[in-house]
Amino acid sequence: MNNADKQVVLEAHGISKHFPGVIANNNVDLTLHKGEILALLGENGAGKSTLMNVLYGLYHPTEGEIWIKGEKVHLQSPRDAIDHGIGMVHQHFQLVPVMTVAENVILGSEVTTAGGRLNMRQAARQVNELSQKYGLAVDPSAMIEDLPVGIQQRVEIIKALYRQADILILDEPTAVLTPQEANELFHIMRELTAQGVSIIFITHKLKEVLAVADQIAVLRRGEMVGTVLPSEATEASLAEMMVGRNVILQVEKSAAHPGDVILKVEDLAVLDDRKTSVVNGVSLEVRAGEVLGIAGVQGNGQRELVEALTGIRSVASGHFFIQGHDATHYTPRQITMLEVAHIPEDREKHGLVMAYPIEDNTVLNQYYVQPYSHNSIVDRGAIRSHANALVKEFDVRTSSVTALASTLSGGNKQKVIVAREFSKPVKLLIAAQPTRGIDVGSIEFIHKQIIKQRDNGVAVLLVSAELDEIMSLSDRIAVMFEGHIMATLPIAEATREKLGLLMAGSHS
Amino acid sequence: MAIQASEKGPTSSFGERLASFWRSASVPIMAILLAALIGAIILLLSGANPIDAYAALFKGSFSNARAIGRTLEKATPLILGGLAVAFAFKGGLFNIGGQGQLLIGAIVSAAIGFGLGGLPFIIHMPLALIGGAIAGALYASIAGALKAYTGAHEVITTIMLNFVAINITDFLANGPWKDEGIVARTPAILETAAIPKLDNIPLGFFIAVAVAIIIWYLLFRTTLGFEIRTVGLNPNAAKYSGILVARLTVLTMAISGFLAGLGGSIETLGVVGRFQPGFNVGLGFDGITIALLARTHPLAVIPAAILIGAMQAGSSQMQFDAKVSFEIIDVIQALILFFVSAEMIVRWILRIRADGDGGVRLSSGWGQG
Amino acid sequence: MTSNVALANNRSWLDFLRKTGVWVGILVVVAAIYGYTTEPQVTTSMLASTLRQSTPLVLGALCGLLGERSGVINIGIEGQMLLSAFVGFLANVYTGNLFIAVAAGVLTGALLGGLLAFMSVTLKMDQIIGGTVINILALGLTGFFYQTGLTTQGKLQPIALGPLADLPLVGPVLFENPPITYLAIILVFIMHYMLFYTRWGLRTRAIGEHPRAADTVGINVNRMRYINVSIAGGIAGLAGAFLTLEAVGSFERAMTNGRGFVALAVMIFGKYMPFGVWGSALLFGFATALQTQLQFSGTIQIPHQFIGMLPYVLTIVVLAGFVGRTRPPAAEGQPYETE
Amino acid sequence: AQDCASADVLCVGLVTDVGEIDDKSFNQSAWEGVQMAANELGAQVEYIETQDAKDYLTNIALFADNGYDIIVTVGFALGEATLEAAAQYPEIKFIGVDQFQGAAVENVAGLIFPEDKSGFLAGALAGMLTQTGTIAAVLGTDLVPPVVAFKEGYEAGARYVNYDVELISTYHPGGLDVAFTDPEWGASTARQAIDLGADVVFGAGGKTGNGALIEVAGTEGLYCIGVDSDQWETVPEAHPCLVSSAMKLITPGVFDTIQSIVDGTFAGGNVVGAVGLAPFHDFDGSVPQDIKDRLEQIRVLLETDAISTGYNPGG
């Protein structure tokens, strides 16, 4: 493919964007050609979203120029970007949950009848036309909050197309999708490019990049490292470009030596917030010294299962035992006292208190025991030396343990949680999405820590939406679908294809 | 709901301490000065002499032992009201119900004060004092429980409970607990329940200061305080770390109400001597100003309350000497509240960088959990 | 969460109306007709009083509703009403023109709305504190600048709507009212139409639910909040004008007496829907009229304090979800950070 | 200003109850009495508005410490503070408006008014004026004794002249902090009463009552009756209906008591002030002579205690 032949639709020159204390983009150049898919890669915080927000008029660049279809533009607001044919699907969807699909689509570009009344009928018609044209089936009168994320994403794309976007920015669109949904998305993307739409596609998943991109641009620490063709790249070469050093993508681990049963779950049922049953009779066992991975598309009851096992959500029926104790109706603290460690899936919401200094975050699970407090009186000295030791051991990059947790980057936040959970005797580790959204370097470190725990005889229950992570860490893999365990496979028998089918609910 | 206030780890050197003190004290001090300045402009516009007015205000609040005594007397319920708000803030709750809790505390301590005869001072006074405080605590825990178990937002429920408290206390003072005679009020408390005065200085003030220190210690040095602050800053993380959030919410609200109720008790036992409708109006709302002026720090509540107390104590003198009506105090207080919350303005004036310290963000939907 | 959809969408607004409104409506009509046939005078007087007591509450609650729908909590309604009542009164005293006086009241409210917007949007202050500032400020300023001896030059008079006013029961109750009372009712309909059927309404609801989503499609969130909160303030100003220029004809310090807070309760009770607000304001007005009627007739010996606390207890009960959940706009209370 | 400490300067200070000096009610009436003393006796006068009920004593002390000779305290709520101050400053004379003295104290005059008698006259007037047979009273709160006295007297007076009269009266449902400052409630309530057929409305509750008067004035052919002072002067908006007011003559009462102190005839204890109906003003022509005669007759009977209002606060 020769890019020189293709028309350039978007060009960014020397874009810099500074935030107080952070240079998010530094002198970045980017070129997008008509009808191509340009993948943008980079570690967390590399500046990808920032660059896209600049192109979409949400941020104003500190320096640099933007040219769209040969015309130099000054984007004051998203309005201007929209007017120039740019559409963006944000990393976090920008949909109003309590409005219908049609209302969300027309928002900001409404069609009205003469009297200023919204013309919802015409809106619905236009949504239907777009969804037929590009194969994006959705019901215009459905309420957003009732739709699964995959469909919500279609709404986002329709939103852009409705505004006649021919440059589409997709910021990490596959992070929330099943492999099947992701494949559907790639089809849609192909369909769009065939009709002349140009796409910038951001992702952390190297496989996807190699599969769908026409061009790959890599950002590192706010700077453009370079552009490569997929044919010239491998996963390893891309990872190295992103991080700037060699990265070990595969965790090295020896064979497991399972011991006693530490966690035993019998016929467990759990309800979600809407009181519908989302865990339906799950039974499983995790032994000391092994990793049981739970694979599955998000939203199949994994979250509620973990919440039940950690005491945060009450159990509807069934039992579970930890080290032989019936812990079904224990409080979270009672469960913690059974030497259970928990890495929650949402580190900022559940794992840390952002406005606390790092040191206080390192004792969230044990401030109430010796030596961190005596007779309900807190011992600040003990907490501080504990925190200092952990920061050193787990290589948390921070100026001081008195710095607020909110000043840490994502990977370092996760390290604080892992350090905290491993800083007391552990028999059972429940880890939910332990590396979601963090960069390759930190992933590598955390994976090593989990395996180290396993080798020390800890029973590990690992829940992850990343098939790669599950496959590289687990000794056995259970697949969850609609609240059931579809099957449990030893690692040797597990292949991507098999797991993918099970995750989609079909018994092979 | 989340508070953006952050918890700084203890700093070490004296220089650092001084710098950090200035960082947190500069905004309130500037806020007070700015409010006084605008107050002066309003006074000028209304034809009064602001210098005379402020001089009289000072004279009426600090010029002699009696004035100081009065200032401290005024400051006493304000300390407790401010603590009630500040404490709830730390736990992520906005208690606007200080007024109602104070009224309930006041009438219950009055009832114990006049109703239980034959007890010695050493038992009767503390009993009445604590009884009122506990009544305030129970009253506040209604709002706490509603928040914890139904998600009803405490700002609205506490405002509503304020109105309810007025009705309840009026009913009691004009009904079952009414004094003999025609006036709607309870009988006077017995001698054995009264809080004595040391010269001009009311003993209640020292109780309030001691309570402020206890609250500071509780919040920053005990595991309970750690839990309360954790819930205040991130209730989700609190839940994950094994804290029973709902129970703690009720407890936080109860302690907050305990403090407000104690303010009512001290007023009844040390100042008013009985419950009389109309005697405790407006104290609860001052608590918000004081808590924010103190940037929700329990010890800083003491000077903040003394400042507001002094303004109230001096307002009569200001009327007398400078012929300025006392509503100007309200205006100045609103301006202080404005400037202390609108940090941006003050920081811009002072050209100091924000350090994310003390800003409070409590509002969120009324109905959700 | 599907059960809560009622909030933002007109389809389920109809559901809500169907579920509760119709029954309440039928009940009220039946009770009114029954009352009218047995005790015509009592029924008429109570219903007229209900409507009148509800007027400042409807207006105050519409002010709160518009603010919260746009993502700004307004607990300063009380202060906005008070200062507007004062300025409207002064304007009447000095110009003698009621139209100018009402306009002055509305303008004052709008300016205070602008102040709230300034505090919550530009200064990103906590919105509850911003509202509290307005409340204390209004109390202080009106108290400080009020002088006696100012006499108004008339107040707004009832306008009988031709033959409608001669109908039995509904005539005197509904069709013989002074202008702001009519205006309040008309505003309920306008607000409903505007919120759910126009571009402005769609955008308003969007910035209250998900401001960033609105921003990304080119809606200027903060400007819209400024405008809406100012308009809302104007409506509170109208409530203030109602007090001095229509209901009483003079000003007194602190004369709002908590109506602004009750209006907040009315808004929640009305589930952030204009018609819900109207219904709940009527309910609160009815409670007041009823307690007066009970004292008038002297038959019931409940201490009046217990009837007096009824509206507040009712609000708590509603808020606690004992009679159905309310979900406020998701983004209310939070300043919108653009960059 | 002159030096109050000097013996030949007469200084009179006034401390209000919580509320303003210009409340068109008891604070204002008392202040006018003090001002009379300024005009007629050359006294130097000053007032302090109380903001917080706990400041009564403080505010009294401000005058006392500045050498004031006479201090007027307004309202029953100041009773205790006044007595306490009187003990502390025996050389200063105190006039306590609305403060009943159980035991006489030498330097305190309790200026009290039989409001029930005043109300009785108002009720009698209303009972005779009514065409519909229904009369109303819109009242402040029952937390305040004078309001209760006015109400009880009003009802008794109406029954006395017109036994079958329909009486509808109501107190404000709020607390002390709002009951007297809610003209909107007063107006709505008056309207509700009018709709119920009342054609005479007695408004007795500060600004709440004033709201009722103004509302009644908006409908032709109705009467309203004011309270405390002659409200013809204080609420001009009510002129179309204001037939009279149930007065307690605080202004002359205060002035006369000051005068008696200056004259040296002052003894301490209760001073019963005058009560009565205000002039009919514009209604003088329209109130029939027989009603006027009957009122005069009742006034005399009340004065001599030949008839009782039935109001007995003690028991």
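We call the chains A, B, C and D, going by the order they appear; numbering starts again at 1 in every chain.
Basically, contacts are C-beta pairs under 8 Å (C-beta built on N, C-alpha and C of every residue); 3 or more make two chains touch, one makes a residue touch a chain.
As the structure is a prediction and not an experimental result, all values here were calculated from the model.
Q: Farthest chain from chain C, going by mean C-alpha coordinates, please.
A: The most distant chain relative to chain C turns out to be A.
Q: Of the chain pairs B-C and A-C, which one is connected by the greater count of C-beta contacts?
A: Taking the two pairs in turn, the one with more contacts turns out to be B-C.
Q: If you average the CA atoms of chain B and of chain C, how many Å lie between those two points?
A: Here chain B and chain C have centroids separated by 30 Å.
Q: Suppose each chain is reduced to the average of its Cα coordinates; what separation in Å results between chain A and chain B?
A: 45
Q: So, what's the distance in Å between the C-alpha centres of chain D and chain A?
A: About 75 Å, centre to centre.
Q: Indicate the residues of chain B shared as contacts by at least two other chains.
A: Each of 167, 170, 325, 329 in chain B touches at least two other chains.
Q: At least two other chains touched by the same residue of chain D: list those residues.
A: In chain D, 20, 174 touch at least two other chains.
Q: Indicate the residues of chain C shared as contacts by at least two other chains.
A: In chain C, 258, 305, 308, 330 touch at least two other chains.
Q: Please give all chain pairs that are in touch with each other.
A: Final set of chain pairs in contact is A-B, A-C, B-C, B-D, C-D.
Q: Show me the residue ranges of chain D that touch chain B in the complex, using the header's touch definition.
A: 18, 20, 46, 48-55, 58-59, 61-62, 66, 76-77, 141-145, 148, 174-177, 313-314
Q: Which stretch or stretches of chain B touch chain A in the complex?
A: Listed in rising order, the residues of chain B that touch chain A are 3-11, 220-226, 229-230, 233-234, 236-244, 356.
Q: Please name which positions on chain B make contact with chain C in the complex.
A: Residues in contact with chain C: 42, 46, 94, 146, 150-153, 155-157, 159-161, 163-164, 167-168, 170-171, 175, 285, 288-289, 292, 325, 327-335, 337-338, 341-342, 344-345, 359-368.
Q: Can you list the residues on chain D that touch chain C in the complex?
A: Its residues touching chain C are 20, 22, 24, 28, 136, 168-171, 173-174, 178, 181-189, 191-197, 207, 210-211, 214-215, 218, 236-237.
Q: Write out the stretch or stretches of chain C touching chain A in their complex.
A: The touching residues are 1-2, 4-5, 7-9, 197-199, 201-203, 205-206, 209-210, 212-220, 330, 338-339.
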